[in-house]
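Okay, so chain A shows up in both of these, paired with chain B first and chain C after.
Coming up: the complex of A and B.
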């Protein structure tokens, strides 16, 4: 993928971004550490990892719900990492987001139609009457009947509601759509339909996707490229087609842990891992995966491995691969 | 107990306030040592059914039909009789064990309190049993776990504590309600392995309710598929996965996104 797009400018680029939180008792938690990632126009790039890996912190920085401690975030050619006030508002013309729980973004007493038109009015693109008309078009765009215009959020199913949230996110024609576990709470049949809708919208509206997820199979299905995070670091980056050829021991562990419907007991071995009391992987010197890694070497305890290219478009942060 | 089914359910329904049945005329039986997976989407009634087996339905629920665990008809037992079956005859692991633990009690004390319901355990006896059970679920620093508060443990560790407690008195029947759904994938794999070990080591019969078809397929001897309160299909897992007899089962399987599927992007 990368070699194809090298001559183009990334639409979104993370340059050495880090986020350090300070706990009440003064400890520092490095939620994201020196992350670098380039996303090209029209691409769908996924950040995948388990809870606490920092993927949602990246999402919140990219959408500037929080600021990075260090580093730059370049969106459409400008650094957005220090934007404030009006600059921030303008940012949301370029990037919109959809989160896991649609109820959390809905005001419980706002009708679907009003909700859909809100972004257009807020950004001064349309007046209220025009926005209400547009809301009908938006409903059709996400394959919902216009009768839903006057409904309240609690009258819709989770899948319908998430479609409405997607419709509002794309209403102002952003360039980048950030999807943070956007289909994780949905039942499987609904999830697949919403993913198909998202893929259709990406083409039709020429959107760039940043998809944050934990389900490797889902991420592989909808992303062109995948960045795997562990303990705040991007440990491997590769094309989705090559996911099963991942080389980083953590990515391999993730892949082994997926239960395919066709994995019957006799065909799959799960290695046992001891769980000892909270090792704070982010605070370890050296590679954070070392305590769980079957291939750990002496050098892994001292230096934190950097991402290096294994072949074009495939990078991993592990000296053993 | 010889040749007796562990669980026998016949024309069993659960209704709330006389409205639509949450569980609708379900019949099946489970033999000793079997692992049964019950799958379905949200609202299918699969968790309600599990609560019915446990005798943990709210008072507003009305049941019809019969539901026998070890030959005893659960709905006709008194609350005290039902309570005495839980823990010794059957035990349960929920999606989030942490929610069922007292947040301000150390794990060790809660283990003791759990055991005391069923017998005269001194704190020392409870401690020794707890250490043994925790080590079996691969919590090697069991002493530290027992001295911890629930919030000090990770979700995966709490789930292992839940399994260790559920298995403390070696119940023959383990009911698991979405036991891995709140867990990360690598931890999920560990908990699945743990449950498989229970059958291997103790011959435990397991009924697992899950929306994860992969987990159900991996663990189960037989899979039951529920939709709108009805059991639309129940058959050996191989058959359900490779030759589903019901259209709904097929659509459910089709919706699962797998690592070797054609990509959508």
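Coming up: the complex of A and C.
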């Protein structure tokens, strides 16, 4: 797979992007630092990491809901990191995002049918009447009955809402779909259905996925490639089939922390250790994982380790591996 | 839209107040046909009579048909009140949206300006303005509008500030909406129901302000009938003919109550999550039986 895709131009590329937030009391928080990632057409790449590692910030920068402090975001061959006004509005014809909480994506006073047509109407693809017709097709596409057209958001379940959100996102046929924890707010059974739907849509509509998540089981199911983030940095990149081959100490820890339904030994003794990210991890010079790393060396404290290719399609940012 | 219409038609409480409000609006409009007599014609043979066939509610101290004056009075009072609210709500909502949505310097400027206007006592300000500009219907409306937009502005600003944080605004942006559309399609529809309550409460407040101004001779000019002015005229005869203050007073109260209740039930209809539960009715019934 990698051999096939690596020859092509990436459809989405993050080049050294950083985002620094300034808190009210003047402190600087480096949410993302020097992240590099290439996503190839038709691929599904997952960004995983614990809460606060900056993965949602990356998603919001890629969709330009916020602007990166530094770096370039290349989508379909052009830099989108400085777009404004009409250019920014047109960007959303190529890239769309599905948010985590389906309940908050709907204005409580807009019917499902109207909501589905919004993208088509405001991007100037169709008039309102055509969009209403198209909305019925979209509902069918996400396996929902057309009766839902006149319903209000509060009359639908979380799973139904998320399907509607997905339908709206794909309605304008974007090239890239960002899924920011798109299934985390749903019940496990519903989660599986929505995932199956997403995978079907990806094939049918030839979408490229960037999936943000923390649930490794979900991520493995939907992604071809996984990028692991820690404290604003991408620390390892590998194929989702090769998770067991993870080399970076943080990825290994992350994998250990996953519960398994089949593995009963985990239930007897749960190894508890401080997995929380050091508060000032992003501010430290050198590798942010150093305070927690069992294999930390002297050189980890001076320079930030860069991603290094270990084998084709597998890169890690750690001098010890 | 059809969703709300259906919901409204199914809500007996709303339909009742809606019909009553329509009647209250129609009465002044249809005044020439409804009023039994000319409201400004003096009948010196019948001064201060309490009741007669020609004058169902009697006459006032200079022999004018009191019922006709009440009917025609709505023309001045309700017209002024509706225009004042329309103007002040428009100004307030516009400035509130600008301040809340744009933030930054615009927000600071508008907020400070609002604070300055609020700092001056409203009635005093209106009296001063009308005195300078000269008493006339137009000037009264203008003066009242100029001081009463502040509440709308503050409430709108606060609501917009919190609503613009919503994910659905970001979703709207992805759906390709321009800033104006984000405001008009996603923010305003969610601000408006809250303002509705403010507007309906304002009807009562404005009717009272107006009667205060009329008392000072700064609103309607005699002999044009206006409820507030009728009220103040009647005060002199409180003991000999209490109906002269009772009737206009009750008219104002009736108007205020009905428009308030209409606003309340309209807000419930516009809230998609609000569905009247049967249990409420059952509780009410129980309560009525107990008392």
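Rule of thumb we're sticking to: the second predicted complex is superposed on the first by the 306 of 321 C-alpha atoms of A that agree within 3 Å, B and C clash if a C-alpha of one lies under 4 Å from a C-alpha of the other, contacts with A are read in each partner's own complex, and residues count from 1 in each chain.
Definition applied: a residue touches a chain if its C-beta (ideal position, glycine included) is under 8 Å from a C-beta of that chain, and two chains touch if they have at least 3 such contacts.
Because the structure is a prediction, the values reported are computed rather than measured.
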Considering only the touch criterion stated at the top, classify A:66 as touching first (chain B), second (chain C), both, or neither.
-> neither
Have a look at where A:93 lands relative to chain B and chain C in the superposition and call it first, second, both or neither.
-> second
Once the structures are superposed on A, label A:244 by its partner contacts, choosing first (chain B), second (chain C), both or neither.
-> first
Which holds for A:51: it touches chain B only (first), chain C only (second), both, or neither?
-> first
More residues of chain A are touched by which chain, chain B or chain C?
-> B
Does chain B (first) or chain C (second) touch A:320, or do both, or does neither?
-> neither
Touching partner for A:168 - first (chain B), second (chain C), both, neither = second
Could you say whether A:199 touches chain B, chain C, both of them, or neither, answering first, second, both or neither?
-> first
In the superposed arrangement, does A:119 touch chain B (first), chain C (second), both or neither?
-> second
Chain A residues where the chain B and chain C footprints coincide none
Which part of chain C faces chain A closely enough to touch in the complex?
-> 2-3, 166-168, 170-178, 181, 185-186, 189-190, 270-273
Residues of chain A defined as touching chain C within the complex = 63, 65, 89, 92-93, 96-97, 99, 101, 104-111, 118-119, 122-124, 150, 152-154, 165, 168-169, 172
So, in the complex, the side of chain B touching chain A is made of residues 41-42, 138-141, 144-145, 148, 152-157, 160, 184-190, 192-193, 196, 211-215, 217-219, 237-238, 241, 251-253, 255-261, 263-265
Touch list for chain A against partner chain B, complex = 44, 50-51, 187-189, 191-192, 195-196, 199, 214-218, 220-224, 240-241, 243-244, 253-265, 268, 270, 272-278
